[in-house]
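Multiple structures follow.
Next come two complexes, and both contain subunit A; in the first it sits with subunit B, in the second with subunit C.
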Partner chain A sequence: MKKIVFSVILAVAALSSGSAFSQAPDQADEIIRGRYQAILADCGACHTAPGAKPLSGGRPLETPFGQLIPPNITPDKATGIGNWTEQDFRRAMKIGIGHDGKRLYPAMPYPAYTKMSDQDIGNLWSYLRTVEPVFNPVESNQLPFPFNIRLSMLGWNTINFEEGTFKPDPSKSSEWNRGAYIVQGPGHCGTCHSPKTFLGADKTDEALQGASLQGWYAPNITGNPHIGIGSWNEDEIVQYLKTGANAHTIASGPMAEAIQASTSLMTDEDLKAIATYLKSTEGGSAEKPQPLAASDPHMTAGAAIYHDTCSACHGGEGKGARQLFPALAGSPLVQQPSAETLVRLVLNGSQAVATPEARTTPSMPSLGWRLSDQQVADVLTYIRNSWGNAAPAVQPSDIAGQR
Partner chain B sequence: METHCLKRPTRRQFLSSVAFTVLAASSGPVLARSISGSLPWEARSADPPIQVRPGGWLFFTPEEVSTMEAVADRLIPADELSIGGKDAGCVVYLDRQLVGSYGASSRLYTRGPFMPGLPTQGYQAPDTPAQRYRTGLAALNAWTRDNKGGKRFFELSPDDQDATLRDLEAGKITLADNVDAKSFFNLMLSNVMEGFFADPIYGGNKDMASWKMLGFPGARYDYRDHVTKHNQPYPLPPVSIAGSTEWMTR
Partner chain C sequence: MTTILPRKDVVIVGLGWTGSILAHELTEEGLDVVAIERGPWRDTAIDFNIGYAQDELRYAIRRDLFLQPTVEAMTMRNNTSQTALPMRDYGSFLPGNGVGGAGVHWNGHTWRFWDSDFRIVDHLNERYGSGRGADLTLQNWGISAEEMESAYDRFEYLAGISGKAGNIKGQIQEGGNPFEDPRSRDYPLPPMQMTYAPTLFAEVTRSMGLHPFPTPSANLSQDYINPLGIAMGQCTMCGFCERFGCANYSKSSAQTTILPVLMKKKNFEVRTNSEVLHLDLDVSKKHARGVTYIDTSGQEFFQPADLVLLCAYGLHNVRLMMLSGIGQIYDPNTGEGTVGRNYCYQTNSGAQVFFDDKNFNPFIAAGALGQTVDDYNGDAFDHGPLDFVGGAGINCIPTNGRPIQTRPTPPGTPRWGSQWKQATVKAYKATLGFSSQGSSYPARGNYLDLDPTYTDRFGRPLLRITFDFPDNDIRMSAWVTAKMEEIAKSFGGRQYNISPRRKGWDSVPYQSTHNTGGAIMGADPNTSAVNKYLQSWDVPNVFVVGASAFAHNAGKNPTGTVGALAYFSADAIRQQYLRNPGQPLVSA
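Now for the complex of A and B:
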């Protein structure tokens, strides 16, 4: 009997701690707003490993400098951020210095989060306090010498980092400013989509113009009409971010994950603001290069492969089928300077992401078994230079590395 | 008056039937599962076919190879329309089929009782295709040796081979070892045709010869661009599951 009483007490104690509703009522709004900040900032993308408890530490990030493991940011005192103060958290978000003065690596996108408002960071902190604490020790720093010396980030910050909250541009609409805030701040779009310097910092003068990371090419998402998203209207951009698919394309790879965990859960107003801002950005030459001649031997071989292997879904003229098979003709992704993502899609196949508004997940089969490196290169060269598309030819050596 | 009613099960019977039901339900692999969220998907998952390549014989002996090649070349002779059955690889196709599940009937019900059936019921005897070829080809050569001047089938002139095949087809020949001449002929005919018309990945239909002859476009499955183009020839060449020579850079 004693045992039963004891376990009941234990259960009640467990239920009452860690629940949002045990907080003071005036905090509830703050926590709900903070949860939305966690969606905007997509904390889970890095800090939640597949199948693990939310924010209890992520799967390893492969950076050009070595491996980093995103830490446990649940309120667990021993292995999470349970010992942090709100002041510690603000410093981490604003200037990349954590508890006990430990310097964070900029894989944690504090160069973007520094633009977040004090209120948004405060709300996010309130929310993080309510997450279920999970005991999960993570050794984040897996970098080789000399990158494993955290103090070196002092120098990095001097060169690459500018602290400061986002400053609205009074000459633009409030919608544009909201979009710019999300894209540059919590949304940290540039972390993937902006080209990097040799030190791994964003090239601010080429922001959002496309970059390679973890075996994918995050495409140009500026308003460039040829290789950016300039040819999509705002509703199409919103639809893409909300559902993972629109009339032109279907998301794949890390963007599919970002859509599932983050953008599909954003409000329509915020998605509209993001679309307004992105369409206003400029990036890269608006001039289209000349396509390769259709008589080029790689183009004729590529055409044969295309018609025998790809056209059944993507259509003889590369038009695809709405919401089901992405169009290749006129696709900005197809015409990026790098074909890295395309190679990956052909070799691995791909599956569309399931979002509340698009639950069917059409998928592309893996074709790596059917095509040699030369054939993958030729068929990609063909789709990059047909139906009005124009982009550099793909070489077999671009494929070998991804096998 | 006698009343008929079901006997109530004893306590022991009831318990053991429950135990049996539980045991039956829990043993063996669970075939059904429920899926929520998105459909299961894995990168690079593929079940690629294995391309059969000529070279070496896995089932046939050299004498059987010569006999089958002669049969294939008489059933599908080389002419102005296409290459012959031998050059098309029909015997390579058959050789690989006979060492696989087809040869062993491993995907058919092959237990008795064995009764003579109607022609529409198909083959009803216990022998597997591998066994039927082994005894059938030996019986065919034994018959020609006894009736055609000591020669084996492949040593006969083409005209003699045709005459022998015609008699086999008509059931006019009695073969040794209880081999039914008519059904053995039909077995060879259907297998040679399979080799000639099946996808080249299975070893026959070399360079898609039969598909080119027919104008069959091969392993394609979307004709939306052509379905409204009436009375126009389909422009694309045939393609195998494994690809096409058009895919090579020239």
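Now for the complex of A and C:
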């Protein structure tokens, strides 16, 4: 944190000495708080392309409706949001209408950000004004007709969008309310983890119950004991969000990025609050399904592949090794209704994220070159139905599309 | 045309064990460090993918990870009366290539040398009076085991070594090596679970009054998180260590213990596929300005730096010193010159016992999973009545049961055909092997220099190795091998076979990649190339790190001492050199 304070003070000092505009020293606190809002909201996840300057525009988002490119939100006047007013910014965050009345697509998660408090949005705005302006023209809207008509979002909002700041539940603890605020608001967890309607809106009655996006399956993160994170205690959830690894799993894919850029930088109190809230949520059947019989031919084939190819790292009983090989036994991720993430990991491999407390960055090797669709399906069926795990069998047709 | 690059604080030649340790230590000091590595980047998941890492043909037979002679060859001869010829292929020893160096494909035996090694001349004089080893060029190393203790400890904890201490602060520990010098604490991990062959070896040798103990191993007995915060996994005993990268994060290497942290540092950078041609000295020849290297496109670069660390394989360190004009090249006729001096190797022998009724399951194995007896190593035994100095560790470490090369057959078996097939079927599971890892002591005629005839692809002279096993070492090995024969008999097998070490070093069959010396450490600049901190006597802003610094080779694998010397040198740079850069840490 000291580092952040220092760099912000430097930034403020640099701006004060320049001619652009000056800020009172007491604005430093506001900017520091705003920087933390940018961490909670993980703005960089979408708005910073790999290797590019912060917030100068992101890599393309593949949506079911077409491609969107997250815009440049640095204070550059020509290509960023340098001409925006604070009021423009508030409207974008709260109701999805940007500068000049342009309607935003909800890939920008204003349906979540609308829950943010006025003060938090104000702080975030103060911080964004201090980011280095970068000239980088981005044409966000790459959607095909008719989705490229921004006015269509008017109708979308009528059906799908509910404006309004988060309202605390007085019957719950302040910690729970803080957690709910972060998860539903700035943290916008549901943007990935909630199933979507055919219009791409969150299914609010199935919030956080898992969804497919960009070739990954963002798992159920409710308190469901079987496929959610109900079997993890609060400390384990905190450890996961802080370090990217805990006794049960190691983050990969987009979550690894979210951990690196966002959750690992959150305060321990906020992580604890998130854990408390997530544990309290319900979702999916609490009833555990029956595993496939070990004698099923796909199970016996999968067992042979597992012991040959996987067990050296993940262990004969799927227990893994701390900070190195994720446990498969009892893993909620392994038992999601969709095996999309698992297929991807086996085909392409993956590398763990580096955080100060988990520095190893071990990799899952790619095995797609070695295993046929049938073999990938069988080995995944096996790990999803062994050592107490139970989940639907994986079919070869589930693999082919991901190659 | 040579491109001149922006200055760095430190340039490191070679990113193996020592380069990685030094890079980590000096970046912690805040220095801006670049490593220049001749070979490619290597990473566990991509380069040692579990799906093909265990390919004996590719890695053990075709030697995919090793230095190829087309990149750099060496010439060899047994003595100065011969004309050296280039080795067409590496055989007797196999230098590494690429990030991680030989530390990628080692077995993992991790030893400490003894005080009686570091102070070998003083020790022999104290125990036996002067005159022992007169036919050798033994020299003290300029350090003591006590000075090295914390450096050894740091390397062992970095690497998660699995073993059993034999002497903690002077207290002999049951089950450890009673001959080792005092250590401050036990190994970070307990010994590996023993397989049958070493278990039997321990029983037999113990019944003979010897002191077997688990070989200290860099194949991890348990999961481990090292002091840098890097996690390693428990070894699965797959039997693919030597010549292979480990797919399981279970064998210590730069990849599994340092690089994940090092590579994320903003003040560190590695340039791979870039070969250092030479160090550039200023006109005084007492200061290195940096290094010149060439990339695979043939583009030459000059990398200026305040401090140059030679961290390549020991033989390459020595050659680079010679090519750069650092120090005087050793002359065996006069005994003068320091660079190339005291080249040593390893004096090994083997034994096999063939049984009818035993199944050793040799494929359940790891590179350093075994038992060692040190009763006949170094000066652990009385050499008073004997006609040699030195000794050997006796190791029962069945490293693998790989199908192409694990074909033990008893003497008298045909080399091919149905009888050979029958014999291999019978002997595969029922043969126990053990070997001696013998000391190699320096002799006046064993040395390294530049070949007068043969050059590499850039026109630089090749390194010339002039070496044969000294008579002292042959006598030592014969004596130890006779002890091994007694052990072999005691197993009560059907038959045994002894492979003694004979005079006449042959560069073709694999023997050991334990080439030591050539840029040795010591207290006297007339007889050593570097001081005890591995700082060049001649060019004080150059440090030469690795087994090139060994004044002789002990009856032990060198990596533990190489790692410890890297830490010892790093400490000296951090705590002393940087206060007064460019100055000698020891006045000559």
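Worth pointing out:
The rule we apply is simple: the second predicted complex is superposed on the first by the 381 of 403 C-alpha atoms of A that agree within 3 Å, B and C clash if a C-alpha of one lies under 4 Å from a C-alpha of the other, contacts with A are read in each partner's own complex, and residues count from 1 in each chain.
As a working rule, a residue touches a chain if its C-beta (ideal position, glycine included) is under 8 Å from a C-beta of that chain, and two chains touch if they have at least 3 such contacts.
Just so it is clear, the model here is predicted, and its values are computed rather than measured.
Subunit B and subunit C, once both complexes are superposed via subunit A, clash. After overlaying the two complexes on the shared chain, residue contacts for A:H307 are found with subunit B alone; subunit C is out of touch.
With both structures placed on the common chain, the touch criterion links A:L213 to neither subunit B nor subunit C. Residue contacts after overlaying the shared chain place A:H298 against subunit B, while subunit C stays out of touching range. Of the two partner chains placed by superposition, only subunit B is touched by A:L347; subunit C is not. Touch criterion met: A:E357 reaches subunit C, while subunit B stays clear of it.
Touched residues of subunit A, counted separately for subunit B and subunit C, are more numerous for B.
In the superposition on chain A, contact is made by A:L324 with subunit C only, not with subunit B. Residue contacts after overlaying the shared chain place A:D378 against subunit B, while subunit C stays out of touching range. Across the options 292-300, 454-462 or 580-588, subunit C meets subunit B in a clash only at 292-300, per the superposition defined above. Residues 312-313, 349, 351, 354, 359, 361, 363, 365-366, 369-370 of subunit A are contacted both by subunit B in one complex and by subunit C in the other.
Residues 37-39, 41, 43-46, 48, 220-222, 224-225, 236, 239, 242-244, 246-250 of subunit B are the ones touching subunit A in the complex. Subunit C meets subunit A in the complex at residues 43-46, 49-52, 223, 225, 228-234, 236, 238, 247-249, 260-261, 264. Across the interface of their complex, subunit C is touched by residues 309, 312-313, 321-325, 349, 351, 354, 357-367, 369-370 of subunit A.
Only residues 297-298, 300-301, 304-305, 307-308, 311-313, 315-317, 347-351, 353-354, 359, 361, 363, 365-366, 368-371, 374-375, 378 of subunit A touch subunit B when the two sit together in their complex.
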